[in-house]
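Below, subunit A partners subunit B and then partners subunit C, in two separate complexes.
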Partner chain A sequence: MKGLEIKNITKTFGRTKALDNVSLVLPAGKIYGLLGRNGAGKSTLLHIATNRLFADQGAIFIDGETVVENDSATGKVYLMSTQNLYPENMKVKRAFKEGKFFYPGFDEGAACQMAAEFKLDTGKKIKNLSTGYQSLFKLIMAIASNAPYLFLDEPVLGLDANNRKSIYQKLLEKYAQTGCTMILSTHIIEEVAGMIEEIIILHDGKVLRQAAVEDLLAGHYQIAGPEEAMQAYLADKSVLHTQTFGQLLTATVEGEPGPYPDSLSVSRPELQDLFIEITNEKERSQS
Partner chain B sequence: MKITDDGNKPIFVQIQEGIEDMILSGSFPEETQIPSTTEISTNYRINPATALKGINLLVDGGILYKKRGIGVFVKEGAVHVLSQKRRQSFGEDYVAPMVAEARRLAITEPELIKMIQKGYEK
Partner chain C sequence: MNGKPALRYHATDFCISLLWYYGILIGLGIALFALGTYLAAYHGLGEVDVEIAAVSGITMFYLFVAGLNSYKADFFYLLQNGISRRTQFVTLLIVGAVLALLTGVIDLLLDELMLQALRSIGLGVIDMSDFVQPASAFPLLSKYIGVVFLNGSAFFVGLLITTVFYRLNTLGKILLPIGVFGLLVPALSFYDHYTKHLTNASRAIDTFVRSGILSYLLIYAVFLLIVTGLTWLLQRRAQIKSPVS
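Moving on to the complex of A and B:
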């Protein structure tokens, strides 16, 4: 299969189970959103998928090839992580120059052009860049790599609103040009909600949901109204979350609204709210 | 056109209606090319597949047409078709919610009609 296949991955750190029997099939050519709360296992999964960490159990395949000690598979992936993996004293321009040794399609000219556009000083040492510029540097490396798989872990960390907007546009341009597979792991869900086609929610090392964003949104609704009418309406519904505000009761519900009284009003949930409610609900049901 | 994630309408529907608005306002005149899927995608920061879905609804509805290898164009007569369509859905889109709100506020039918007449006088 063209794409990323994750089979029964388990990884423990000491007594913590970071990933617990995770299996996912991600066909190539889509933009995925890998979402989860802090400590859900997102970064661990991306690091195992690029052979930077070893799983205790399970296997990961890219285009049908194992990623463990296999340069032909890992060479297809650019992982942008929050860790700095460049040599201590390396300057930005040197990293641009050496990009093609790791990524055959690396476009040094495009990297330099983007650096100029974002006012990234290529004469600086990578370790001396600010958080925002470290992110920009890594994003430029990712975009210029022309790798068919871009795994971006917290891509916009420390970026101002202007740069976040420009970066999202650059990523979409790259996607349109190359049809690459992207995994965006981010906490700023609102900003990427329109970009991602499919969402994966990790929670406590397990896959909580994998769905097309549009299906997930269409499969839930928000309904609000006076408490009494709402209680009667919700009696036979699959309620994810409720919130009262004075006498107003708002609920997020799974399924179709069906008939409801005039005093209630229905709307579509936002992806970020849905994410918060799905992960909170899971925590409540566990405790 | 403004694309929001605050619900009520899927993004592909917002794209469809946004393009319709621009055709009706003359921003996208008949027989001219509209921006490409990639331009729409990057401009509004949405997935190109979503942009394409919105465009395809308009192609299927006879508002836009594709010129192979060139791009997507506004069909001749699109403005007329769209205004007919909007006239047909005017009741559902504007009158129904207005009447519902009038009922909540106990505004009677004659009172509402008077208000509408006043609106026309402006």
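Moving on to the complex of A and C:
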């Protein structure tokens, strides 16, 4: 299969179970959003998928090949993580120069061009860059690598709004040009909501949802109206969340709205709101 | 296994480092020679017995430090670029072997040059490889093997030490030196003091090593196999340590 296949991955750090029997199938050529609250296991999963960490159980395959100690599989992936894994004394320009050692399609010219565009000083040591510029540097490496799989963990950490917008544009251009597979792991969901095609929500190391963004949004709705009418309407519905503002009650509901009284109004939820309500609901049900 | 990218990275890294090292060393050698010549010409060295370490001895320390610096940063960087632990280890073996062979040749040439130059002005040279040369009808070959052994061992021992410390947790990092130097070494000393087993074994190995090139190479191979084998055992399950969410 072309794509990423994750089979029953479990990973424990001391007493903490970071991933608990996670299984996913991510066909190639899509932009995925890997969402989850802090400590959900997103980074751990991406680290295991790139052979940086070993799973306690399970296996991960890229294009049918195991990622464990397999240069052929891991060579197809560029993982941009929040950690800086570049040598302390390495300068940006050397990293650009050496990019083609590891990624045959690495475009040094494009990397230098993007660096100039974002005013990234290529003569600086990577460790001396600010958080935002470190993110920019790693994003440039990812985009210029031309790797068929780009895993981006908190890609816009420390970037200002202007640079975030430009970077999303660059990522979309890269996707349009190459049809690469991207996994975006981020907490800034509203900004990537328009980019991602499918989302995976991890919660406490388990897969809570995997669905196409359109299907997920179409499978939920928000409804608001007077409390009395709402109580009657919601009686037989699968309610994720309710909130009262004076006499007005709003609710996020799973499923189709069906017939409802004229006094109520229905709208589609935002992806970020839905994410918050799905994860909160899970926590409520656990407690 | 795709070792070419990792080899290119290591080759670039070590070429730059070696050029700096030998550049500085040659510069120092020339400065020393000039100073010695000046002192001999204008003041006379008289009865002063000055001995300078041979280049091969200095290179051994350089390669030990290079070995110490050849793990953590490279491990992170190569993992970032999709290179597996196995490929990293194999390429380091190749790089270490090439470094030992290459520096062996350069060191012999520089040693000879330095020996002639310094002797001409009355200075002496301490050559550490003199202590570990196998008996042979070919002194130059014997010296070369000795230098390669020292340089290669220094690099791989440095690599093993840095790998051990990377794999240990904080408590382990404290307990290991205490265990080795505070318990193991004194215990072995006491044991040897009463039994002489270790002294006798060491003498037997030394005699065997010096008996010929083949025995020397055999011991060298066993030693390197133990050092690199331990290194691989520790590197094969190494992971990125920083906390991940």
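Methods note: the second predicted complex is superposed on the first by the 287 of 287 C-alpha atoms of A that agree within 3 Å, B and C clash if a C-alpha of one lies under 4 Å from a C-alpha of the other, contacts with A are read in each partner's own complex, and residues count from 1 in each chain.
The rule is short, and it goes like this: contacts are C-beta pairs under 8 Å (C-beta built on N, C-alpha and C of every residue); 3 or more make two chains touch, one makes a residue touch a chain.
Just so it is clear, the model here is predicted, and its values are computed rather than measured.
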Joint occupancy of subunit A by subunit B and subunit C, clash or fit: fit
Which of subunit B and subunit C A:Phe275 touches, first, second, both or neither: neither
Which of subunit B and subunit C A:Tyr149 touches, first, second, both or neither: neither
Touching partner for A:Val77 - first (subunit B), second (subunit C), both, neither: second
Touched partner set for A:Tyr133, first subunit B, second subunit C, both or neither: neither
Computed vertex angle (subunit A) for partners subunit B and subunit C, CA, steps of 10°: 150
Residues of subunit A touched, compared between subunit B and subunit C (which is higher): C
Subunit B versus subunit C as contact partner of A:Phe118, first or second or both or neither: neither
Which superposed partner A:Tyr103 touches (first subunit B, second subunit C, both, neither): second
Which superposed partner A:Tyr168 touches (first subunit B, second subunit C, both, neither): first
Gap in Å between nearest CA atoms once subunit C and subunit B share a frame through chain A: 27
Sites on subunit B touched by subunit A in the complex: 3, 5-12, 37-38, 41-50, 100
Interfacial residue positions of subunit C with respect to subunit A in the complex: 1-2, 5, 8-9, 12, 73-74, 76-77, 79-87, 237, 239-240, 242, 244-245
Subunit A residues within the subunit C interface of the complex: 18, 38-44, 47, 50-54, 69-72, 74-79, 83, 85-88, 90, 98, 101-103
In the complex, subunit A residues that touch subunit B: 31, 165, 168-169, 172-173, 175-176, 190-191, 193-197, 214, 217-218, 222, 262, 267-272
